[in-house]
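Two complexes, one shared chain (chain A), two partners (chain B, chain C).
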Partner chain A sequence: MAIEDDVVVVGGGLAGMVAALAAARQGAGVRVLSHADSTLQSASGLVDVLGYPAAAGDRNAVASGRGSEAVGERPAENGVGDGTTENGVGDGTTENGVGDETTENGVGGGTACGPVADPFDAIPDLPERHPYRTVGVETVREALALFDEATGNLYRGGHTDRNALVPTHGGTVKPTARYPATVAEGLASDDRPTLLVGFETVTDFDAPLAADHLRAAGVPFEVRGATVRFPGEFRADAARTRLADALDANERVERVRDGGGRGAGGSYSTTLPARRALAAAVEPHLDGAERVGFPALLGQHETEAVLADLEAELGAAVFEVPTGSPSVPGMRLAGALRRACREAGVRFTTGNPVVNYETTGNGEQDGEIAAVRVDRNGATVPFHAAEFVLATGGLVGKGVDSDRESVREPIFDCHVPHPEDRYDWFADGAFGDHPFARFGVAVDDDLRPLDSAGDATFPNLRAAGAVLGGYDFAAEKSGSGVSLATGLAAGRAAAREVFQ
Partner chain B sequence: MSETEDVNDPGDVREEETVESDEFEPVQVFGDSESMDLRPGSDDCYKCSTCDTNCPVAEVDDEFPGPKFQGPEQWRLKRKDDREVDDSITSCSNCMRCDSACPSDVPLSQMHNTARGEFVSEQMEKLSREYVRNRILANYGTLARLGSKVPRLTNFVMGNSLVQTLNEKLLGITSEREFPEFAEETFREWWEKRGGTAASKERAQEARAQRGGAKIERDEKRVAYFHGCYSNYNTPAVGKATVRVFERFGYEVLVPPQQCSGTPMFANGMLEDARRSAETNVRELAAAIEDGADVIASCTSCSMALRQEYPELFDFEGTASVAARTYEAAEYLRLHEDLDGALADAEVDLDPVGTEVEGEEDGDAEFAYHAPCHARNQGIAGQAVELLDHLDGASAEDVGPSCSGISGTYGWKAEKYDASMEIGAEMIEHMEEADAETGLTECPTCAMQMEHGTGYDVRHPMEVLEDALVDGESA
Partner chain C sequence: MTDTEVVVVGGGSTGCGVARDLAMRGVDVTLVEQGNLTHGTTGRMHGLLHSGGRYAVSDQSSAQECIAENRVLRDIADHCVEMTGGQFVQLEGDPDEYFEEKLAGCRECGIPVEVLSGQQAREEEPYLTKSVKRAIRVPDGAVDPFRLCVANAASAEEHGARIETHAEVVAVLKNGTQVTGVEVRHDSGPGKREHRRAGERETITADHVVNAAGAWAGQLGEMAGADVAVRPSKGAMVVTNCRQVDTVINRCRPKGDADIVVPHEATAILGTTDVEVDDPEDYPEEQWEVDLLIDELSKLVPILGEARTVRSFWGVRPLYEPPGAATEDPTDITRDYFLLDHADRDDLAGLTTIVGGKFTTYRLMAESVADHVCGKLGVSADCKTADVPLPGSEDFSVLREYMDEFGLRSPVGRRSVQRLGSRADEVLTTDGPNPVLCDCEAVTRAEVRDAIEGSGTDLNAVRIRTRASMGNCQGGFCCHRMAAELHPEYDESQSREALDELFQERWKGQRHALWGEQLSQAALNYALHATTMNRDRDPAEGDGTLDFGRFDSGAPNRPEETEARDGD
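Coming up: the complex of A and B.
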């Protein structure tokens, strides 16, 4: 006998959790198998749908790999254009400036073009193989509705179809469909003067540099950056969750007089609750700013209270700037989705990789997938189900693997279309229109992976998220939306088959 | 490539490489990971710091640099000849949560175990109180073997508050905790008295005949039980339950000679002690595997040692096959028998103290389940709750993914006691919030912490399975 569920989802990221949630909401018994803790912990927490139009370079599937020297910068480097005022979200003022012409441009691809104002408008213009085209724009909307409901008041952006523009920790502006409530006051479409505050020890957010970048990108507000010392005696390499914990608990910390220098006797005056001490360290830099952005570590659990206290102390709006890993907004998102999944009855089995599968076939035919096998230090543990969803991620998440010879999907050996010559896998410029960015499994209309002949490999296997090919999430800023939409579609289809 | 391009372009480096260097073969410069070279693991770390944010010690101990430093960063620093292992390695509790936090498969706990072993053997003062204390704690099994010869006397002495104070003053073993009581009859004594393997074979045959009916079951079903120190000396009821549940499913149980799994030795950097124990265990268990048995353990830290730490640290003949053939007890039954079905057909009438909810008829016995950290890495953290879902009369509520904080011997050290309780605070709070007033866990030291923090009785899932599935056996 064995462990048996209706649906097994392989992968615990955004696509996997949404697939599991969607299937469980339909009444299926669902298990998520995940190699390690959710990689959402490393995600910024921004949920994009489509930030930039797809590059045209992939229209013919195989780019030459050369001839794209003209490629300038990545759209992300490009910020929000040339000084025109942005908005995108907000309060009913007229939109403008933000690339509302979503037409593709340029052969050779990758040429920067303006951000997409309304992703739903732009989806029908995407290449036919794009996952959004496979599942359809209605599914994208339904997936966002499920996301909004599952994350509750943790997220904003659902009031409009249009992209919001969120300043990132690099000082770029990211068009995104949903954003954590904690970043709401920081939107680039807002013209209030802004102070960005970085901490000496949180090195991936250099506030003055980010402010320079934002200015260069032409944001419609005055922005300055200041670096302060996080109050208290924390290690120079303290995890940022440790700082978040200090704010959560409002631990008493030693207040540092700004400019007093470190270690110099007498630079400490008194102890204060962490939130007040932080506000006190920032206050001298305020200088008329009406809003203050911090790296996203304003509490793991008591974020709302931390923000409210800081706002009261500073007399200015406070927001978080999403950072790289380890990402506190990513952890909050992972936690919210996991709770929603658990409430829907989803079971999680985490800690070991799925390595291969068993079929019902008799050797002549492949038949259906009967089970996937997890490797526990050499012991093989099968997990049986009627339907399976592959949501293992792309080249970064190891759902797609490559060596010098070929590109593969390692669990089911699904076909991953790619040029034979590996010099055709990439473009020459670092920010070129790389074919490898679109590598992934090809699927039919029901998200079932196709073999090299174009037939569905297994009737009861569907793929979702970054393991899919045909889109460049980094260039388009479409990673989260594709994971949500294909996750929803795959999960729902799996449940439909279970009950058929 | 495109045919329109000039293939003779002298500036085309690519042509040079692909055409003229046909003979080029990439050279593997770093050796393979089999040879315990930690370089590939170190190179796999891309410094995302997810391990640091998941480390329960770093969360409460601001002096502790966290697993990323202890592992890959320290390994790199050590390439310089004059670098010693940083003494903060002794603050790692070996909970191994960094292993499952890492998105890049860096063998963090292997690096920590290696560094700690080096620190203890080369840098630690062997006459220091800390070394002596750690050696004693690490060799709990030896201590227990002596103590359990005269269990009543030992219990009396160890429970004496003067002795506890002396332990703290002289050895640095906290006096805050009650020393676990020794059973008056060890599991192995019970096992021998009951007739050992021969009796087990008979019972298994009976069970097969009874349940097989007309259908003949595969008659050679055999498991070798690694009971570990704790269910032998302290909680033999867990060992007995395990034996009875397996016999009920028709398994002949072997109880091979065995020593401590090594878990407390790894955690204290006593790698030579661990090596000696592991050598015996691998030899004995490999022999049982030769005889057709798979290995089962009821303690998740024991199964963790056999499955992961042995192959990561030692290279005895049979290490890999022991690792691949070892399972946690309930995990094994779930994979090889219809355990879910058997539980669905069963019910229990447990009456743990205080679980009667007034006005509620037929209320299930509720358990507050804590998943041990070492169960997480084996992929069985959710198992007990799932199993009890099938069973009428009992249910378990998961009290969340936090660490209990005791981490074996860690919480017994006087200087670590406060950190241990701070780490455990979340679990204890969630236990108190849960409806249950009885705890449930697979790990004996987590159980100590649960009991210490809440005053609840704590059971082992195998005991619940025994109640559900096994008709009474006298003695």
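Coming up: the complex of A and C.
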């Protein structure tokens, strides 16, 4: 019997889940097809909307200060390979990926490029084909409202339009619109004296170094760092999630203490609950700090209780510093959104990749998409629906693929604008103005992917999130916001079509 | 009274080999190198330990030297060498005569050979193309040029030599027709390199100067007023993310581009091209070279066509021609080495240049230089470098047994001990926990700290000593972890600058591998460093005017903090 839904969303990351949630809230029957863990697992869990005006290629002394290799050498000519001329609205070929934003912003947005205090103010100044411009600033606001409601107590930041500056595990600060509640006490615009605590075996976060770095960044608070041993017997390569589990369960752990002075009776051991043992390890370093930051591993599920216990033991506020993969806050967020989706009636089918599709017409280009096919150990299973949302991610999530000759979207073979010569896909400095960062499908005003002629590829396919081209989420710090806003817009549009 | 008896210019394999040889003979040596050890050609070669098979037709004396030195290195540098074995593979359509010539040549040179049928060749190397006609098996191997070079330098230091990296020669000192030393510019003061430490100039006087500057030997010669006609020739190499082959695969046909695949650690290295360049520092690294290597070598090993490549790099061969040779095609220039006695040649005493040659015979070249210099200095001492193992290769076999002691999981322990050899005990025994910092190459904190001790804040020097950041992720997951190990011994800004330098270096080579999986990896690295860490907009790099007051400082009414509970 054929599997049939109103809306099938391909991809279970932030954009996919928000699209599913938005469509389901409108009453559509929605299924999410997801293959592997989404990039949420690798992302910090911060929800950026817009941290910087679109890149101008003069970011950071890192790239420009090294002398020999200039950054952003070839700004405008990048679009050339595509063989299209000037962009008109709806052409979407040259403009979406590559060249013109560089020139545009190199002039206007340039100077020193400090972070944007109010992302909603800055959105109208983005290039015309930026996904935010496509969906409009109101949609961004609505998407955040949906996000706030769906994640409930898990997130903060909705009280203001302004960005927050959050300390990163690399010791910088970065602008973000929403942040996990566990991060709230750590904001850089708060002047309370701060202690950062790292663990010997958690190698992505060196607390004393991060503290010195924050000081170099001019933060308005006193900050010190200390490295302690995570209490208990864990292997040196224990995953952060394993340490989080120990705090969740409040496992009793051995605590070895020095028995007074050197040689005076050696050491003795005792067992303590993990949270208390952790607080005891940190306490000697407190020295007047009013808040204490840990790498983000304070429990996967019992986070609130872990924080509360640590705060009570330490007599100071406690916060998390977000890290990269594996990201505990990212996992918490994925879990919360999945719950919200399930409550709204969304079905999930996971573990197998969507490999291709079926159309209603004879010729591929003529019909609508009738079904997507999932590969299950070599057998293909079709999933039918009236409307489809493509939310498979970008290069990182492998929603955009490439070989030595070209860049493509692998499931529907949607057109991905890119320079012909692969040596025009990147800039010379590591933080240069990379054309590859903007790779993705070009879409019309209703988020339908465009073919190379600028026409909608399928009437019932919309794209959301990082599979979209035309923006550099890493430079702008806009990844989550674009996923939310385009996810909402694509999901709502799909539901609208279902009920039309 | 001079500062030192001999100044060796150049910290590649030859220079380090000369320094070790002289130091072991009791000569006081100072080695100066403009960059890291292995900065030049040594750090940019394919890692082939020649059996001599490649030269068995065209240059038999080189072939004989190769097989002899191949055997020596297996003894003295066990921890740098992997005896993979190699094949010269004849495909259908490749000339029979050349195969026979190659076979005969190897036998004449004393290179042990065995002829394999096409089927036997494919049994040994299943990914070889089906159109293999037959192959010659030879004792080729893989060698880690970084480790070998660093071990030579370490041995030289143990014997009293001074090794100065990041010390560029800016002048050759002369007194009339006598070379009397060099003037160097230190990047960060003498000793270990330290970012953000001011450099200075230093005059180092010596009785003799050895020019082992490789591709830069001509420039040094010029400073001294001697014409040394180095003809630098670039070659490209492509690194894959896994070992598609476990033996060295050579195409058995007369010289040509793109005819060798060398298994190296967890990767395979495809080589190479051969194009003369004007400037060893500045030459084009071209797309056609990358494509040629992949396309041509996938005829030999078809899965290479689909392989994930992690980066490409280029090296410059310091080829030399005696005056008047004027060979047209750089591929015809001899690979032999030349010792130039400038006293005889240019009436310039106190200077000897060593040019040309091959990595595999570096020790032999060093020996002949040391013999020559000792003759000039009146030192009579025998060369010991062929007999005394390098640091790391003493009693190596014993150590393989007890890697478990270091509390490392087996693949990590195995790889650490392979790299460190007999130094494993000293390096891996630590007080605190010893987590893995580089997951791709299984490099632990202890190994990184040991390397920092040897090289200061230069993380590229740490990289070549440990292989950290050389795997699939090309440093995306580990560069910042390595940099963190510099702190607090070095301050935050030094650590930050060292991180930036390593990250940019890793990016440079990756640019030639940006499609498919590696483009996805590059996008992930970019996201991690720019999005998650915000390293691209680091306010600490800015003008210090970030107005924190304009940003959210938290909700006005924080939710009441939960009271402490006594849950345990």
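Basically, the second predicted complex is superposed on the first by the 425 of 500 C-alpha atoms of A that agree within 3 Å, B and C clash if a C-alpha of one lies under 4 Å from a C-alpha of the other, contacts with A are read in each partner's own complex, and residues count from 1 in each chain.
Everything below uses one rule, namely that contacts are C-beta pairs under 8 Å (C-beta built on N, C-alpha and C of every residue); 3 or more make two chains touch, one makes a residue touch a chain.
Being a predicted model, the structure only gives us computed values, none of them experimental.
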Touching partner for A:Asp237 - first (chain B), second (chain C), both, neither: both
Partner chain in contact with A:Met331 - chain B first, chain C second, else both or neither: first
Chain B versus chain C as contact partner of A:Tyr423, first or second or both or neither: both
Contacts of A:Thr392 with chain B and chain C, given as first, second, both or neither: neither
First (chain B), second (chain C), both or neither touched by A:Gly114: second
Chain B versus chain C as contact partner of A:Thr457, first or second or both or neither: neither
Greater residue coverage of chain A in the superposed arrangement, chain B or chain C: C
Which superposed partner A:Ser42 touches (first chain B, second chain C, both, neither): both
Partner chain(s) touched by A:Thr139 [first = chain B, second = chain C, both, neither]: neither
Contacts of A:Phe431 with chain B and chain C, given as first, second, both or neither: second
On chain A, the residue positions that both chain B and chain C contact, one per complex: 42, 66, 235, 237, 324-325, 404, 421, 423
Of all residues in chain B, those that touch chain A in their complex: 1-2, 5, 14, 18, 26, 48-50, 52-55, 58-59, 62-63, 65-66, 69, 100-103, 105, 307-308, 311, 320-321, 323-327, 331, 334-341, 376-382, 386
Of all residues in chain A, those that touch chain C in their complex: 42-44, 48, 51-52, 59-63, 66, 69, 112-115, 117, 156-157, 159-160, 162-165, 168-175, 184-185, 187-190, 200-201, 203-204, 206, 208-209, 212-213, 215-220, 229, 235-237, 250, 273, 276, 304-305, 308-309, 311-313, 317, 322-325, 394-396, 398, 401-404, 421-423, 425-426, 428-431, 434, 436-437, 473-475, 477, 479
Contacting residues of chain C [partner chain A, same complex]: 287, 291, 294, 407, 409, 412, 432-437, 444-445, 477, 480-481, 484, 487-488, 491-493, 495-496, 500-501, 503-504, 506-508, 511, 514-516, 519-520, 522-524, 526-546, 548-556, 558, 561-565, 567-568
Chain B-touching residues of chain A, taken from the complex the two chains share: 1-4, 36-37, 39, 41-42, 64-67, 233-235, 237-242, 245, 324-326, 331, 347-352, 374, 376-379, 381-382, 397, 404, 421, 423-424
